[in-house]
Structure formats: structure tokens, C-alpha cells
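Each chain carries a letter (A, B, C, D and E) given by its place in the written order, and its residues are counted from 1.
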Amino acid sequence: MHVILDALAMIGLSYVMGFLFYGFYRQFSARVQRRWGPSIWQNFFDNMKFLLKSETLSHGPMFFFGPMIIAAGAITTVLFVPFLKDSDWLQGFSHSGNLILIVYLLVVGPLGNALAVGSSGNPFGVMGVTRGLTRLMGLEVPFFLGLALVMLQHETTSVHAIMAAQDGIAQWNLFTNPIAFMVILLPFIASQNASPFDVVGAPVEVYAGPRVEFGGRLLGVLMTQNMMMTIAKLVLVVDLFMGGATNIFILIAKAFSLFLLTAAISLAFPRLKTEQTVDFFWKVPLGLGVLGVVATVWFPWGA
Amino acid sequence: MLEFLDSPGVLQGIYITGSLTLFFIGLYGLLAKRHLLKVLISLAVMEMSVYLLFVGLATSPGETAPILADGLATFTGMADPVPQALTLTAIVIGMAVLALGVSLAVQYHRLTGNADIRAMSELKDS
Amino acid sequence: MYHNNHCEGFQCEQRMLEASLGEEGGELGVLDRLVAWMRQRSLFVLAYGTGCGAIEMRPLMTSRFDAERFGIIGAATPRQADVLVISGYLAVKTLKRVIRSYEQMQEPKYVIALGSCAINGGMYWDSYNTIKQVDHYIPVDMYVTGCMPRPEALIEGFAALQEKIKRGEPGGFQRYRENIDWYKGNQRRVLGDNMPPDYTYDWYHAGGTA
Amino acid sequence: MSLIVKMLFLAVSLSPALTLLVWGDAVAWPLLGGIELTFDLNPVSGFFMLLLALGAPLVALPMLRGAHEGPAYGLYALLLLGMQLLLLAGDFIGFFVGWEIMTWSSYLLLLRSERSDLEGAQSYILFNLASAFLLLAGILGFYSLTGDFRIEALASAGPAEQLILAALFGGAFLIKVGTLPLHIWVPRAYDQAPDTFSAFLSALMSKMGIYGLVLLPTLFPQGLAGLLGSLLNGPAAGYILAWIGVITSIIATFKAISQEDMKRLLAYSSIAQVGYITTAIGVGSSLALGGALFQALVHTLVKLLLFITFAGIILQTGQRRFNDLGHLIDRMPIAFFAVLIGIIGLAGMPPLPGFAAKYLIFVALIDARWLLLLAAMLLSSTAAFIYCYKLIYAPFLGHANSPEAKAATEAPWPYLVPQVMLMGLLVLLGIFPGLAIELVIDPVLIGLGMAALGAPSPGELATAYGGYDGVVLMSVFGSAFMIVTGLFFLLRGRMRRAGSAYDLSFAGEVPTAETPLHYGAGMGRELRRIPLVDWILSRTTTRFQAGLTRQSLAASGLLGGLYRRDPQTWILLAVLLFAVALTLMLLAGGL
Amino acid sequence: MELQLTPVWFIALPLLVAFASPLWVRLQLLMPLLFAVPLLLLVLAISLVPVVRAAPLLETIVIAPPLGIHLHLDAAALVMLILFNLAGALMAAFLWLGDTEPYLRGRQPFILIMLLITGCTGMVLTGDLFNLYVFLEIAGVSAYALSALRRDRGALEAGLKYLIIGSVAAVFFLFAVVLIYLQTGQLNMAAVASDFAGIPAPMQALIGLLLLVGLGIKAELFPFNFWVPDIYRGSDPATAALFSGILVKAFIFVLFHLVFLLLADPDVARAWLMGLGALTMLVAELVALRQQDLRRMLAYSSLGQVGLIVLALGFASEATTAGALFHMVNHTLVKLLLFFVAALMLRRVLSLRLGDLHGIGHRMPVATGLFVLGSLAVLGLPPLSGFISKLWILKGFAAAQLFWPIALILLAALIEAAYYFRWIKVFYDTDPAKAHPGIMAGPVQGAPVYLPLLLIGGLLLLFGVAPFLLEVSFVEGAQSLLAREATLEQVLGARL
């Protein structure tokens, strides 16, 4: 019973945080552009509108199951990320998982969805999927390398153990292992599908992207999982680099501050092409990561 | 006047020079002549030179043929019989080879109208 | 081909307009009203410029007019869009695309006819290849007159549409569904053999459910 | 009659299983000159025998379909014999005998395909023989050091000798597993082999190279660490091996993405996957070897599944290029699921066991502190998503692009039975990774004298660095999926089935059957805009190898010119040589 | 009268039978006798194995050595005898059972084959240099005649070329014999050997080189073997099998017999012979890559194997020598098999060009299968016997810490594989566009002709799986070949 309640709480929390964060992001970006901007609830309205559409087009069973898989993947991811430190609540099944598993779970959903896109038979959608996979190929290497630096630092893959090791603010990995944080920061933004690495979805401008054929309730499901996934990733980085959180408010505060940082970076830069993205990731963050490895593993200054 | 020729050294020198000359004549013919029969003859000449060398060098002046006849009961003063026997054998063999060679050459000429050793190119197929 | 043709021309238009009279939002249940409110609060506009009016649509998203504060933003594909804005005159060639895009949108879906040309042909009233009355071919929910209407007028139109949706009035898509034969007949008259595929027509005639 | 032969053949294909189950004491067979072949089953060979026992009947089953092919059955039996000899061998000669029987019998099987061309067949046999001869050279070097052919650690040898031996053996096994740049035979062979036999080549024969690589460290007194010392937390020699493996898998992955033929893609993916195993063996710790063995197990199952499934598709459609297939999902649903499971395993996604293997290898790399290798390996394993997607999108999704693809039906049952069994096995292994560790991996590790990994429960994979629970993962994902689907149907509204496959959102246009809608073959082409990928894809070893062939043929022609002259030239040559040699000797003797 | 089982029979019986051939023609016993005589001698040789194992047999003709001629049957010679007679019997069986061309069934081939076997046997057995020359010429003449047997353009050309080059070799050899006699006054090999060290060094070099060139031409060593492909190409494949299977082996044996016997210190010759062997092997394998005719290809392959054998024998350690002897046996069997298959294909397709043999594996499955078996054996792939003998040689080199021959042998094997598998691939080609169905189709062969081929295949497999059956013979052969002192003592001791 506890498990079920806990899981429901995590799902609910991540959804609520998700649409609020996104709503904030839209307003924030509107203000940056000297607009009034939509209400903070706008994402909730959009999502609900789609979930309540009376007609939904389907291209066959796989097209239908894709969004289901991606949603299930998002829920699974959320449930495997511990939201709180030293608490019985909001843990989900994170004790049965580890960091590497979470990193891979982040990809499960998109791949399931890619099947649905392919099943639709729309070449523009598949083009978008390929772009997404290409970007994934670019971002995952530095992202994982940064995480590996953290895993190496604590000699564990368990998120709980890494969280537990960061007692005070001075022990935050953000400060003890700043290179790792710098390495993962930009790939992290890309993994959120945020500007400047958002050419995959190419909202509004380009007649392509994985969602080209989705409409109605299926699109609603996709939006839902996107918000939840965003929160899962934010919480993961909070856990790894900012010492986790002992209660929901601290969690929201830390996640929000991290979100503010990434949003600020997002808004400041124009969009990159896919190959530019990949090349960038393989040069700058990965180069930084290699330097980090050399500095911390090959010639550790502490030893 | 020509007695110095009887001294074994000079005699053997002559044998050696002569047979080697013959050998090289044969070799020249073998290498330079294109007619099959000439080539075969050159071969025979080469063989002949070796026989000559053998018999010549194995015999010293004054030795008689190694035949126990006419009252001769001992081997004194006779030439070594072995080289002569061997040479005879070799001549027979050489004969046989030559005969086979000539017969083949004749057949080849009959069949193809050709007796040029360098024009034999039926087997070069690659 | 298009059977079920009980009426013709003006009679049909009259009947269609009369059919939606007298219905009010007050009759909606709580849940329906909530749903209607959600729908009107988020309108995705298909980014499809048919004519000169498209110029007037762009400023809508800019800082000056900022339609996003009403929940109105662009959508790249008809599958995701709620509103189709017929922005200016429609050529015969464009009509086919418009019909196709409209049929690909998911219900509930709405159409705004922007400018005189789309409403009654405007200055192209005697052109050989311009569509005079868009609402003969697809159902129009809101007319924004003018040549050209300013973006403020367009926002006014959107606001009116939102009001209409909030009231729960039946949208044009329901009209399209019920009078598909009439619409298809009109379309065929203009397009001839060059009609868009019959997916929606077949769907409606197959009962249109599940 | 033919039925009896087929039943007999099936029985033969079960022989590895039988060997595994009933093998008794060691068997010895004297050869000559004090060389004695000894055969015994130890845990390490037992593991690979298990793979063989799993794979052999599953490949044999589809082979039985259709016309009776006596020679193919015979060669397959020989191949199995060779591989069993190889695995059972307790000495190098037996190992080599098995290795060679495997090589030539598989070559002859390869020839039976109608697609095999001279180039492919030649590169297959020559690379494999080169591998075998390197092996033999290594064996002889080993013999010259020990005076014995038994497979056991060198008692004493200088570092240089150890290195040379390691290079010889390593070279042999690396060719066999298709390491770059010696891989060119792999795609050709897998492409041209009879379709079901490709499964055997990829799934089982490449594992023999892995077997060799696993044995390799045991030949040296301190394993890989004894060769060049250690680097960070692992052996330096292994670091080189690991980089070889990783670079192989990166390049092979990009090559795989650019392929337009299903079997060639699988071949390159095979190279890449085996590259991971090589890397893990290079790390050499018990975690890494556990990962390597796990990966070997998974790769065997996955490649069997994929190759058999694609063999079924090729059988039903006659098409093998991505461009010519499409939208088979409705017509071949079982094949679709087989490929789905296969690519999930291939990509190493949770919850299937591919993830467990990758997890172990990653953790081992972190444990060895070889993070750069980890990053490189991750590059290849995420790039693998692209070809995995291509693998399922191009044949099964999108639009049918040829008349055959439009009319195909599910493959016949001899193809489906292995598919279903393998799918089941993969899913089971994914749910219970701990079980596989306990039953299959740990005995090998103990046999190699390493620490066992252990597993607290069947579902759990545990390491010192943390682990995960397959059962929990699977049940969470499963219930989430069901709940989401259920909730979706609770929402109001109707689902509308698209009126046609061409009812697409296509910018207002109306696509038809003539519109080029399939994105299968072109997928990945745009990757060439990335400088690194372009650099990799525009390089190939075929030109080098073609050049080598040309040069040796030229040398052959040059020397052959001597043989094409007339007798007089021959005699002249002989005489001249005689004269020169005589002069030289006299001069040498005189001086 | 009791017939004594002496080595003389090996020479006398075929000679007698050959000269009585008109009788056999009348009795229609040619073919059975051609088969029976080698078989009888084979049985005789095998029955002599225990005797020879106890002590080598020394058969004196008329006068005791060194004056008289003697036959020396030691373990090595016995191996060769068994091999020759086995090959002879197999060859005869192939000619007898098959639908052989008439020119291979008459009196002439009967005599020539008998003489060839006699000559080879004599060369191996004799202990006298000049006698060796005689046997060499007997074998040579019969070989020339055999290769010209078909009497068409190619055969005559082959015969003539063979005759010319063979005679040159014989002249060189004769020259060496003459010089030896002039220097030592001896012709008995053992006696010459004990006196050889006394000859002045330049003369030693001259004699050595003359012998090397003479026997090198005959034994197909590299710079002297340019004639080989032409002869094999022009002869009937069945006779080419004899040349490659018996004749070359006899000459190699003689070459090494002389080297081991004459030179007290084999190191002098080691560098020469190993170098020539390695060269022969590599050059031949390389050249074979381009061949378009099966007979030429087999000829080059034969050269390559000869190079390997010479390389191994040249090293003169017990293991390599024993391995080389074993390899001789294997190579004879394999080349018999391959040339027989070539003969069968020639009868069927009337051509042996690569282009004409596309897809022959589907029309002649058994023959092609046997070809594959033979190829595997010649490449030294297990479980066939070629592997064992190569392994033995390689092991000998490895035990002596000598690695360059190992590298070369493996490299050569790789090149060899390149062309053998090219042919195999063509044989099994399934491309119908390249196949020439029905062109120049000869008659289909009956089943019995495959019997000797299958027997050879069986032997190859047997020796590959159970080589220990033969191990003792080869080891003893190697020992007797290398045991110079013991031989000298035995032969010269018999004189005293």
C-alpha cells in the first residue's frame, strides 16, 4: 500500500512540477522577449485539451502503443529516481535500480515512441527520429562521461549512496567535482530537448519531427510524459550534484534553481543544426570530460 | 719431336682442354641453335665430351687395354677398366636418349611442320 | 457519388445555420463546461498561409500582439492544430490543400475566414480561379472581415471563437460531418477530378466511430 | 528416406547438448611424437559448449526446411564436430584441429549459397586461415618455450617472448572475431552465407574467437597484467586490447548504420558487439569477464534470433535490401516481435539482458578507472540505437516498397519455433539476470580462478558498485504500461483508424504509392555531415586489400614469366647460376 | 628352389615383367599385371619391414662393395619403396578400372610405367654412383616417353622439352660422377663418402654444384624447375601423377641421400638446400596464384610441396626429416588423387581450363569432393594427414628454436590456400551464367574408377587421424638417413 501511494505521489508530483516548470519557462521566455506571456497553467491547459480531444487518429497498433511505451518508460524512470534523501517517501523503486539503469531508462521511452513514428509511415517523422537518435549519440557520450566521473568519485552506481555522501553544501558534487557538472550541463539541456539543441522537435518552424503524425489524445500522452521525464532528469541531477533534498520544498527549490540555470542558457542561444550539435558535443563537453579524466583519474591532484 | 706430348700432364691438359672445348661447343649449340635436331646433336656432343674427359683422364700413356687375353695374366700396365666400362654403358644410354629424342622431334615435325625449339608454345596458356 | 442530397444551394445553407440556433452553454454539464473551458484556453493554429492575410498572422506571435497570452500558438502539422485560419483569397489550387489539411485536423477543430477575399471573393470576385465563398467548401466558424483586417481584428476574432467554444456551441466540424455530401458536392464542382482523397468522407459514412 | 536423414541431422545438431550433459572423464588420443590430444570439459569450455548446445539445433531446424541437402547436413555435422573438439581440447593441437575443421567445413557450407562470390569466399577462407596460421605460429612458439602442447600457464618466459606469444595468439583470435582492420571478411561472409547459416557464423563461430581470447590471459603467469604491467586499475596490455575492441565497435557501428542490406548491417553490428566483448576481456577483472561472458551469451541469443528472423523474411520476400521492404508488421507480426526483442537486446536496453551485460562492463571499466574507454564504448553503444532503429523500421514499418513485401506472409514454422524460443529465453534472462550469473557465469569465473559475482536473488544483478533488480524493473514497467493504456481508454473520445497508409500529414499534399515515403535506406546518410563520422565512413580497408591482391598477382605474373620461357632460356639460367655460384664459391674458398 | 626375399626383386621383377610384355599382350594380362606387380612388391616390402628394422639389408651383386655394385635397403629406402609400389598399384588400378584412353592401356605404357618404377626403385636402393646414373637415365627415358605418349602436339612438345632438360641434368650428373671417380677412384657411395673429405676444396665445390644442378633440375628445385609446369601441362594427368608422385620423390631422396652421405658436416649444404627449398616453395606458390589450367596449377603446387620437403630435409634434424618423409608420402598420395581427379574431369569436360570448369562440382560431385579432400590435405588442414606431417616438420623447427622456416611455411600455405580455394570456389560456382553446360561433354565415368581415389582419400584420413601407425617407420627412416657413420661402417665393414 505504501509502495502504491508512494508511486502515485511521485507520479503526481512529477506531473505537477512538470507543467508548472514548463509554464514558468514559457512565461520566463515571454518576459525575456518583452511579452506578457501565457499563464503559468498554460501547459496544463494544452495538455488537457489534447487529452480531451474527441478524435484521435491512429495508424495501427504499433502507432498506438508507442506513446503508451514512452509513457510507461517515463513513469518507470520517475519511479527509479529517488526524489528525497533519508525519507521513506518519494523513493519509488529506486533501491532496485542504479544510475546507469536510469540513464538507459531515459532512452527506453523515446525508442518505443520511435517505433510508433515509424509505424505511421510518415517520412518526416522518421527523419525527426533519426535526428533525435543522432543528437542522442552526441549528447550521451559527454553526459555519461560526466556521470561516470561522479560514479568513480564515489565508487558506486547507486544514486542513494551518491546522495548520502553529500552531507553539507561543501560536499555537493557541484563543488567537489565541478568538472563533472560542467561536462554534463550542456548535454543535460539537450536531453531536455531544450534550445539550443531542439532542432529534433523543431516546434512550429519545421514540418518534421517525431510528432508530425500524432494528434489528439496520443499527443496529450506524449506531452504528459515529456513533463514527467523533465522532472525526473532534473531531480536526478539534483540528487547527483546538489546533495538531493530532504523534503519536497527543498527539492522543488533545488530543482527550480537548476531549471532556472538551464532555462537561462536555453534562452540565450539560437538553435543548432543536428550535425552542429553532435560536433559541438564531441568537441567541447567531451573535450572537457577528457580533460577532467586526465586531471582527476590519471593525475589526481589529491593523491 | 712431339714426345713432350706423351708426358701425362700435357696429355691430360690436352684432354681437358679438348673435352671442355667440345663441352662448350655443345653448350653453345644447345643454347643458340633453334632447330630441334641441332639441339639434340649439341646434347650428344656435350655428353660425348664428358665421355672423352672420363676415358682420357682415367688412362695414362702406355697403358694397354684392360683385357686379359693373349697370355696376359696380370693387371699390370693396364688402364683402369672401370671408366671404359662405364663409358660404354653411358654411350648406350646416351644413344637411347638421342634416339628417343630424334624420333619425338621427327614426329613433332610431321605433326606441326615445325622444328623450331623456341616456337614450341602449345603449353603456355596462362 | 455524393448521395443523401435532400437540399440544394441556399436552402442547405439556411438549414445549416438554423440548426445551431437556440443552443446555449447553460445546457452543458459541469464536466462539459470544464472541458469546453480547457479547449478554448488552448488553441493551436495551423501555420498555413494561403494568401496575403498570412502577413497579418505573423505579428500575432510577436511581442507586440503576443497571442500566446490567450493560449494561441502555432502548430506545424494539421494533426496537432485546432484552428485553421484561411488567411486571404483561396485559389483553386490552394483549396485542395486547405480541404486536405482541414480533414487531417482532429476534432474539435475550427476555421476562421480572414478577410473579404475568403468570405465573399472580395476584390477577386470575378477571378476565374479564386474561390469566392470558402464556407461552401469547408465550414467556417468565425468570419473576420476587412481587407486586410489588422492583427487586432484577428485577435478579436479569436476571442470571439474562444467565447463560442466556451459556450459549447456546436463547431463547424459538426456541420461538416452532417452535411458532408453537400460540401463534397461543392468541392467537386470546383476541383473536378482533382479531389483530395475520400478518407474523411468514407469515415463519416462508415459511421465515424471507433 | 529423406525424412530419416533429416531426423538424424536434427539428432546430430543436438550433439553439443549431449556432450554437455553426459561428458565423463578426460579422453586422450595419441597422435605421434609424444603429442597426445586430450579432451575434457571444463567450466570455461562448458560455457561455450552451452552456447553451442543452444544454437546448433535452433539453426539446424530452419536448415531442414525444403529440399533434402545431404552435403550441407554433413558439413554442418563436421562443423559441430570441429567446434566441439575445439572446446573440449586440453592441448593446443586438439584446439587447432578443431579450429581448422571448423574453418574449412564452414567455408564449404558458405560455398553452398547462391550469393557467394569469389571475393567473399576468398576473403573468408584466407582471413580465417591467416588467423589459424597465426594461431599455429603461436602454438609453435609456445612449444618452443615449454616443449609441450598442453594448454596451461607458461612456467617461465622472458617478457619479450610473452609479448610475441600474446601478439600471435591475440592476432589469431582478433581476426576470428573480426577486429578492425582485419574485419573485411566478416560482412562479406555473413552477407553471402546461406541465410540461416549466417546465424551460426555470427552467433556461434565468432564466439570461438572469444573463447580463445578468454583463454589467452590464462597462458601467462600473471595474466594480462604480467605482460606490460598495469595502468590505473587494470592491466596495461589489456588497455591496448580494450582500445582495439572499442575502436572496432565504434567504426563497425558507423559502418553498420550506413549499410543498405539487412545482413550486412547485422554483420557489422556483430563486429561491434564482439568488440565490446574484446574490450571487457581486456579489462580482465572478474566483473569485466562476467560482463564479457554475459555479453557473449546475449549476443549469441540475439544474433541467432535476428539472423533467423531475417532469413525468414528473405525466404518469404526474396528481398534483402532495406529499400525493398517495409510495412511487414501486419503480415509478419511474430517476426516483428522477434526483431523488436532482438534489437532491444542488441542495443542493451533494459529490461532485456543486453543491459545486464553492458552494466557489468561499464562497472568494470569504472572499477578499472578507464573512463575514456567507457566514453568511447558509450559512443558506439548509443550510435547503435540508430542502426537498431533502422533494423526494425525499414523492414517492418513505413511503407511496403516491393510487390513481394506487399504480399508476404509469416515464415514457415521451422523459422518461427526458434524465434519464439529465443524470444522467451531473452525475456527470461532479462527478468532474471541473477539466475544467469549464478548458473552460467559464476562457474566459468571460478574455473578461471576469479572471484564469483554472485547474485542475492534470481532477479537481482549485484556488484560492489550497486545493482538492479530485473523482476522489479519488469513489473514496474509492465504495470505502468498497462495502467497508462487503461487510463487512455477511460478518456472520452474516439479513435479513428487512418483511412489508408497514405493518409499522412504531408504539407497538404497527397502522397501516393509512387511517392518515395520510405526512409529506410537513406537513414543515417545525414550522419556524414558530422566530420568524425564522415571520416570513418569514407575510409575502407577494401582498397588496401585489393591492392595487396593486385600486388601479389603482379609478383606472381613477374615470377611466372620465368616459367613461360623456352627450354634454352631455362638451361642458360641454370648454367649461368652454376657459373656464378662456382665463381663465388671458389673466390670464397680462395680468399 | 627357394625364392629368397631380397631387395633385388624390387628391380628384377618389374624389369622381367616389362620385357616379357608381348606375352602379356597375348594373354590379355597387361592391366592385371600392371596392378599385380607393384602390389606384390608392396606386400614384399611390407613383409620386409621387421627385417629391415632389425638391420638394413645389404644385397651384393657379384662382387662385394666397394668394387661391386650393391643394393642398400635401409628403413628410409623401405619407406620409399612402399610408397612407390603403393603409388604404382594405385595408378595401375586407376588405369585399369577407368575408361582409360587407349594410349594409356597398351604395351608401351605398360613397359614405360614398369621401367619408371624400376628406375625410381633402383635409384633409391643402389649404393653405387654409376649405377645411380643408369637408373636415373632409365627413369628419365621412360618419363620422357611417357609424357609424349599421347602423340599430339602438346604431348610431343612436353616430351621433347622434358628430354632436352632431362639430358642436360643427366650430363651434369654424369660430369659429377666422372669427377668423383677421377678424384677418389671409387664409385661406391660409402667408399666415396669416406674419401670425399680428402678431395681439394675447389673440386669439392665443383662436384657439389654439379650434383646440385643435375639433381636440382631433376628434383625440381627453384632456379632449375622452370620446365615442370610445361611437362605436367602437356602430359596426361595420370602420368603427371606419376611424375609428381614417384619420380620427384625419388630424386629428392637421392639428392639428400648423397648430401647426408657425402658430407660429414651437413651444415655446408644446409644453408644451400634450405634456401633453395624456401625459394622453391615461395616462388611456386606465388606463381600458382595466376594459373588458369588445372594441370599447371597442380604442377606449381607440386613444386611448392617439393620446396617444403627440401626445406625440411635440408635442416636435417630427426623431427624435420621424419616429417619430411611423411610429407613425401602424403604428397604422393595427394597428388595422385588430385591428378586422377583432373584426369576424370578432363575426360568429362575435355578441358582443364578454369573457365571451363565452372560449376563442375554439381556435375561430378564425388570427383570434386575428392578434389576438395585432396586440397585440404595438401594445404595441411586437419584432420587429414598433410596436417600431421606439416606439424611434425614445424615442430622440429620449433624445437630447434628456428622460426624463419615456420613463418615461411605458414605464409606459403596461406598463398597455397588462396589458389586452391579459388579453384574450389569455381568448381562449386552456382552462377548459371558462367557455367558451360554441355560444352565438350565427354562420357560419364563408371563407379569403379573411383575406387582407387576413395582408397587414397581413406588413407589420407586414416594417416591424419592415426598417424602413430606410421610413426616408427618414419622415425627409423629419418635415423637411417641421417646416420652417416653407421651406414659407412656397415657398407665398408662388409667389405673388410
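Basically, contacts are C-beta pairs under 8 Å (C-beta built on N, C-alpha and C of every residue); 3 or more make two chains touch, one makes a residue touch a chain.
The model shown is predicted, which means the values in this text are computed figures rather than measured ones.
Chemist: Compute the shortest path length in steps from chain A to chain C over the network of touching chains.
Modeler: 1
Chemist: Touching both chain B and chain E: give me those chains, sorted by label.
Modeler: Both chain B and chain E are touched by D, going by the contact rule given at the top.
Chemist: Give me the fewest steps it takes to get from chain C to chain E if each step has to go to a chain it touches.
Modeler: The distance in steps between these two chains is 2.
Chemist: Between what two chains do the most C-beta pairs come into contact?
Modeler: After counting contacts between each pair of chains, the winner is A-D.
Chemist: Taking each chain's centre as the mean of its Cα atoms, which chain lies farthest from chain A?
Modeler: So the farthest one, by centre of C-alpha atoms, is B.
Chemist: Can you give the whole-Å distance between the Cα centres of chain B and chain D?
Modeler: From the centre of chain B to the centre of chain D is 69 Å.
Chemist: Counting in whole Å, what is the centre-to-centre distance of chain A and chain D, each centre being its mean C-alpha position?
Modeler: The mean C-alpha positions of chain A and chain D differ by 35 Å.
Chemist: On a C-alpha centroid basis, what's the spacing between chain B and chain C, in Å?
Modeler: 118
Chemist: Mind checking the centre-to-centre distance between chain D and chain E? Centres are C-alpha means, answer in whole Å.
Modeler: 44
Chemist: Specify, in ascending order, the residues of chain B that touch 2 or more different other chains.
Modeler: 30, 39, 117, 120, 124, 126
Chemist: Multi-chain contacts in chain D: which residues touch at least two other chains?
Modeler: Within chain D, residues 494-496, 498, 502-503, 505, 560, 567, 571 contact more than one other chain.
Chemist: Among the residues of chain E, which are close enough to touch at least two other chains?
Modeler: Only 161, 164, 168, 229-230, 290 qualify.
Chemist: Between which chains does touch occur?
Modeler: After working through each pair, the chains in contact turn out to be A-C, A-D, B-D, B-E, C-D, D-E.
Chemist: Residues of chain E touching chain D in their complex?
Modeler: Answer in residue numbers: 161, 164-165, 168, 172, 201-202, 205-206, 209-210, 213, 217, 223-224, 226-230, 283, 286-290, 319, 322, 365, 369, 372, 376, 379, 381-383, 387-388, 391-392, 394-395, 397-399, 401, 403, 406-407, 410-411, 413-415, 417-418, 421-422, 424-426, 428, 430-431, 467-468, 470-471, 475.
Chemist: Report the residues of chain D in contact with chain E in the complex, numbered from low to high.
Modeler: Spelled out, the residues of chain D in touch with chain E are 30-33, 35, 71, 93, 96-97, 100-101, 103-104, 107-108, 111-114, 116, 118, 121-122, 125-126, 129-130, 133, 136-137, 140-141, 143-144, 147, 552-553, 555-557, 559-560, 562-563, 565, 567, 569-571, 573-574, 577-578, 581-582, 585-586, 589-590.
Chemist: Along chain D, where are the residues that touch chain A in the complex?
Modeler: By the definition above, chain D touches chain A via 232, 327, 329-330, 340, 347-350, 355, 358-359, 362-363, 366, 369, 371-372, 374-375, 378-379, 382-383, 385-386, 388-389, 392-393, 396-399, 460, 463, 465-469, 472-473, 476-477, 480-481, 483-485, 488, 491-498, 501-507, 516-519, 523-524, 526-527, 529-532.
Chemist: What part of chain B is in contact with chain E in the complex they form?
Modeler: The touching residues are 30, 36, 39-40, 43, 46-47, 50, 53-54, 57-58, 80, 82-83, 86, 89-90, 93, 96-97, 100-101, 104-105, 107-108, 111-112, 117, 120, 122-126.
Chemist: Across the complex, what residues on chain A touch chain D?
Modeler: 51-60, 62, 64-65, 68-69, 71-73, 75-76, 79-80, 93, 96-101, 104-105, 107-108, 111, 114-115, 118-124, 126-127, 129-131, 133-134, 136-138, 140-142, 144-145, 148-149, 151-152, 155-158, 161, 207, 212-213, 216-217, 221, 274-275, 278-279, 282, 286, 289-290, 293, 297-298
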